[in-house]
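Common to both upcoming complexes is chain A, partnered first by chain B, then by chain C.
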Partner chain A sequence: MSTVETPTPARNAPAPPPGPAARAGGWVSTALPFVGAVVAAFLVGGLIILLLGYDPVRAFDAVLTTSFSSRFGIVETLHKTVPILLCAYAFAIPLATGKFNIGAEGQLLVGATGGVALGILWSDLPMVVLLPCVLVAGALAGTLWSGIAAFLMIRFRVNEILSTVLLNFVSFQLIDYVASHVWPDRGAGHPATVVVGDGARLPGLGERPAMHTGVLIAVVLAVVVAFWMNRTASGFELRAVGANPRAAMVHGVRTSRMAGAGMLVGGAVAGLAGAIEVAGVHGRMLEGMQSNFLILGIIVGLMARGSMVALPFIAFGIAVLEVGASAMQRTAQVPVEIVLIIEALILLFLLLTDVVRHRLRRAAQ
Partner chain B sequence: MNEVLDLLTLMIPAMVPFVLAAEGTILSGRAGIFNVSQEGMMVLGAAVGFLVSWTVGSNVVGLLAALGMGAIFGVVIGYMTTFLRLDQFVVGLALYFGALGLAALLYREVVGVTLEPPLIETLRDVPIPLLSQIPVIGEIFFEQDLVVYFTFVLAFVLWWFMYRTNAGMKFRSVGENPKAADSLGIPVVRTRMWAAIAGSALMCMAGAYLPMVYTGTFTEGMVGGRGWLVIALAFLGGWRPHYVVAGAAFFAAMEVLALRAQVAGIGIPHQFVLMLPFVATLVVMMFAFRWSRQPAFLGRNYDRESRM
Partner chain C sequence: MTGVVKRFGSVTALDHVDFEVARNEVHGLLGGNGAGKTTLMNVLYGLYRPDSGQIRIDGKEVQISAPRDAIEAGVGMVHQTFLQVDSYTVTENIVLGTDLGSPVRLDLSDARKRIVGLSEHFGLKVDPDAVVEDLPVGVRQRVEILKALYRGCSLLILDEPTTNLTPQEVDDLFRSMRVMVDEGMSVILITHKIRETLAVCDRMTIMREGRHVATVTRAETDAEDLAETMVGRQVDIDPAEDEDVAATAAVAMGAVEATEVADETAPPQVVEYETGVEVRDLTVANDHGVRVVKDFTLEIGKGEIVGIAGVAGNGQVELAEAIAGVRPIVSGSVRLGDLELTGRPTVEWLEHGVAYVPEDRNRDGILPTASITENLVLGSQRNPRVRRGRLIDWKAARERAVEAIRQFSIKANGPATPCGDLSGGNIQRVILARAFAHQPRLLILHNPTRGLDIASTRFVYEQVRSVTEKGGAVLLISEDLDEVISLSDRVLALYAGSLNGSWPRGAVDPYEVGRRMTGLQDAS
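What follows is the complex of A and B.
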């Protein structure tokens, strides 16, 4: 699996091509396993909560309703959806070519560094000029970071899981250095850079608490990605490399170049997420701003199983769970980690539904 | 001279988590199961090992509990990849997340939020009689704790098993060509199950060693990427138990030197010193992937019915 050209169709199990039977069932047969997996995961999660001596009904009430019970909850959820969605793209787009990008975290941080650098250096510029510069700088910095992994993958056949993960750890130190030596904010009490200029801030929408316009960028991006992957020649080539590398190569697709391109696009999206976090949420770069977006992005990317249309909705669902998780800890005193376990369980049960479906089909024959 | 001696004495225990987890990775990998949940297993092992040692008051029990917890996760990954034939990377990642969540949850449930973190006793050094009398070498190798001896003996035993016994050759054949192995009557599924279980158990034990040798406390970040470096180490060592020990020495040296440079304050910002192990690994990987070979069936699932 270290080689770029090795045809290993088994690696693309998360995105099986829909067979004729699945297509005939349409929406129902796609949604049914998903709903089943979510329900089963919540049942098991509820059981764990019960065993730990808490009230599962109160806990799940907090998890599922917090996002929708107040304007603050909705805005918070949408703000959380943006980085989760973009990190999910950073994972899912390379996955379409059969490559695992576990480096969204590092790409996000380096993207944030790129954005914050321009936001601080050119802080006097008006918004029309500065804001696009910040966002583009973020995307470019993210591309650069994933580009290292892509280069090592193509030129030296270094396993991409390894290189992307190792670059994450390099980036942690890098932003720590930027936040404590280059533009430090000594008064913050936590490694953080100084605030970017006003022109670098994404404008808010509506009355307080305002929703930042990064949400709109994410919506546009979701449409573009879905269109690109499903309706254009280059998107098709990208997916062809993942689905059957040999067939793609025979038909003149440059497989290793496409795999590299997938990584670059993934890095750009993650870098953009970093810039949006800087411009929309924090107004600066601070240590720990990557939160657990890497893990959530991978979970969302795996759950979507290659469907770029389903991905934004799943990202929103996961954001609801995440916002609900902290509310659950406040009101029902249930530890937040339960939610991570439930998310991992959803993923595992979703995989199991494949086995069930396979067995059912065999039984029907 | 004394300085070098000190570094070497520190390096040996620093090698232990790398060697243990890498031997676990190799054990699974040589049977064809590529487990990518090392980081999660190590965090979970650290949590379980710490908590059990803290409640029971015995490090040995803590290590055994970590082994047991790893074995449970090994059963899950083994069952899902051999019987259900689900994608190994996806299952591995899902278990990584699950293990991270479980580790944090267990710590919070057992210890809760405290002002002062609870402490466990760190492992005591047990000098081996006679051998520890040898000048220099005795000091470096034979005045360590019991887990160190266990680790190096284990590495030797695994090498001997894989390359000097008939059973070991059969074991390796499962990871190279399961179809051929199957046709010769080697139980492929059973071998893979045991390999997955033993591999995960060793990874967990590697994690449990960390709180017992360094701080005596548990923090979520204490594994700090070692699990991912272990995957690099497995590739670097060409999936061979004896080469991995040499590779682990490299990683341990990086770690010890970075720590020493940080303490000494050599003018370079400490962030760049801490980057060093990861950057060095990347550079080494550039060359390692050229010559290192891996089990032919690594990361793929075996289906007896398929025509491959």
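What follows is the complex of A and C.
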């Protein structure tokens, strides 16, 4: 018999740890830790650059301004934002139900495979037919991939962290096979498929370098996800399962179904990211196209701390740093990896503010 | 142990408790839920540090600040939930945390021999090479006892050890306990089951509300005496508290129009109700698969309050969850009017007007990180009531939350305050506000006023009354006998998962209820 109880109606509420999505304090108290964490991370990062013998001012100048100093920079940043954002959703949506999807890169690659398959097989079809097919195929393939993990999780209680991570490795073999044996482009000098038909390419916007319309798809998706998670019953149930699965169950939420649904949606979004990368950026599938989107998606997903509204802005911020990183290497000779260190530091400092806030609140009582 | 005091915040869990155990004795520690039995033993075992008080073992004062100190002093404790490594064997589990000699070599053959020896000696049958996760609860408990014995304990504390055991296993356990005390050990048995204490204990100490009430030897007491002392309707209630109880009861009675409940000589009042809820031959299993509710049959009329009195651990949680549609029903049925609810998903029970106020508020009642508004919506998120079109209408929900905060006097900064930041009493108010929000047809209340002050208790009783006035059926499950008696139209006693007596309003003899709910007397 469980006897956890708080026996008195004490005037002072005991302070439990603040929730990941404590929406209590309004904009300022939400933004303040972010700003603080970013500043602190740059200070520490600057120190590291200094110790390595480089010039932190020039380095940060490159990191922060490249994205905004030219049209090329802006387009590049937006293009980078899309897969980072979608991989962040792939992590954050299952996380809302308390499940960890560490398989965004596998789902992205399988989604890319699905998209590229149709783009090559049906390359003669007109864009109005082919492009939607490619994107939907990508999303479905991603769903299928995360669906394996979801099925194992619900039916056999296989830990979803293990299954999603391991499926990533399977997907590497899969795209290697597709790119070297099914539709190989022998002239590419690197495992890659032949290019997809013109009808499978996302049209560009504006003069060269054109921004592909996948960015618009991502914007629409961001609105839909925020709306879904915050306003609909299923979004609410999804969050309820993450907040307290027992209480959700007692109140009529089918918890394992919701957890499974979260995984499927996460896979779909990552798969869509793969298809957009094919249709918008590469025009084909190539090995290594998953880049470091998995880890960036996790960082963004964790930084958003449950807020689907904040998530797109954070993804954009991380994309700025990523684009700036290569410019930094060119102009200040600082290795690109420094930026990943800074990103990780932002996350660490952000999590630290949770602890600080908790202490402050307890001290205040 | 002398003068032990332990406070949690403003709550005094142990109030100058004196307790002693002799060698060669099985000592029963008896009391209802929240009496402080387990807390006292956790102090002795070093899990809690007392705010004041002394502990002496064999006449020497000892400082016990962690379980390690307790183990060194020869104290062993078996908790209700076992701390075992599922994938390890019995032997590995037992030696875990003891000195294994070499940090590099792992040779368990000597340990295994000792364990086999202990197990044979004390009659604790267990296969030393079995993997723990394959074992039934009864055997896992033996492993836990062997763990304590292996560490050389001379005083063994058992916390509600019989909860998940079969009668045969209980007999075996008691035999083993006798062997232990015959060899000079002492055993403390924490329990709320009077029969058990009488069957095995040499002496017993009764606790209530954090205080030591009495210590008696088996020869000088009997079951009835123990029941009365434990249920606490005897002289030694302190006057202030007595007033509280009386006030609470009076409030409930005041809310009942024109019924002379207070007068126990009044003729039993029998009211004919239209059947609202029908529970037939209900059998329910607990989380371990043990059937803790057996062939339970109950009808609740429209507008009737049926109160179930019982000592915690007699199947209340499982019963409440089954009738609320949360826990799967092994056999039997639950009908709401003409509607068969058995086998339907929980959400349909909710839609048809079943509201449940669970006992474990934090675990079953709230989403700690979600706001009060969101917590009030929980359970009806798919109901047209809270939606506009296909979306949840948060604006209206927020307005309702503001209203609920006012009406239920929830102490919070506003509707956006996360529920996890509220105190226990305020969390309960949120849960009650949710249950009362939509006129329930069946309201299940499990210890609804525990931790609430008089005013809130009164408010809850009024709300319950308004539910019945509109024809709702109410099932009140409570360990507070006064509450059950004063609020219910019909009182039932629950013992070991079955009904053991029923009394209409006005014909309730608290002593008899006490005897029935502790299983001392069977329904005739």
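We adopt the following convention: the second predicted complex is superposed on the first by the 340 of 365 C-alpha atoms of A that agree within 3 Å, B and C clash if a C-alpha of one lies under 4 Å from a C-alpha of the other, contacts with A are read in each partner's own complex, and residues count from 1 in each chain.
Methods note: contacts are C-beta pairs under 8 Å (C-beta built on N, C-alpha and C of every residue); 3 or more make two chains touch, one makes a residue touch a chain.
Computed from a predicted model, the values in this text were never measured in an experiment.
Asker: Answer with first, second, both or neither: which of chain B and chain C does A:77 touch in the superposed model?
Answerer: In the superposed model, A:77 contacts neither chain B nor chain C.
Asker: May I ask you to decide whether A:181 touches chain B, chain C, both, or neither, giving the answer as first, second, both or neither?
Answerer: first
Asker: Counting only touches as set out at the top, which of chain B and chain C does A:251 meet: first, second, both, neither?
Answerer: The second partner, chain C, only.
Asker: Scan A:146 for contacts with chain B and chain C and give back first, second, both or neither.
Answerer: In the superposition, A:146 touches no partner, neither chain B nor chain C.
Asker: Of the partners chain B and chain C, which touch A:158 in the superposed model: first, second, both, neither?
Answerer: A:158 sits against chain B, while chain C stays out of touch.
Asker: For A:231, select first, second, both or neither according to whether it touches chain B, chain C, the two together, or no partner.
Answerer: Second partner only, chain C.
Asker: After the superposition on A, what does A:239 contact: first (chain B), second (chain C), both or neither?
Answerer: In the superposition, A:239 touches chain C alone.
Asker: Residues on chain A in contact with chain B in one complex and with chain C in the other?
Answerer: Shared contact residues on chain A: 1-2, 8, 10-14.
Asker: Per the contact definition, I'd like the list of chain A residues that touch chain C in the complex.
Answerer: 1-24, 230-233, 236-237, 239-240, 243-244, 246-254, 306
Asker: Show me the residue ranges of chain B that touch chain A in the complex, using the header's touch definition.
Answerer: Result: residues 34, 36, 80, 84, 86-87, 89-91, 93-95, 97-98, 100-102, 104-105, 108-109, 224-225, 228-229, 231-232, 235, 269, 271-272, 274-275, 278-279, 281-282, 285-287, 289-290, 294, 298-301 of chain B touch chain A.
Asker: Mind listing the chain A positions that touch chain B in their complex?
Answerer: Spelled out, the residues of chain A in touch with chain B are 1-2, 8, 10-14, 52, 100, 152, 156-159, 161-163, 165-170, 173-174, 176-177, 180-181, 295, 298-299, 302, 335, 337-341, 343-345, 347-348, 351-352, 354-355.
Asker: Which of the residues in chain C end up touching chain A in this complex?
Answerer: For chain C paired with chain A, touching residues are 8-11, 33-34, 38, 80, 160, 163, 312-313, 317, 321, 324, 326, 345-350, 356, 358, 360-371, 374, 377-379, 381-382, 387, 390-392, 394, 411, 413, 416-418, 420-427, 450-453, 456.
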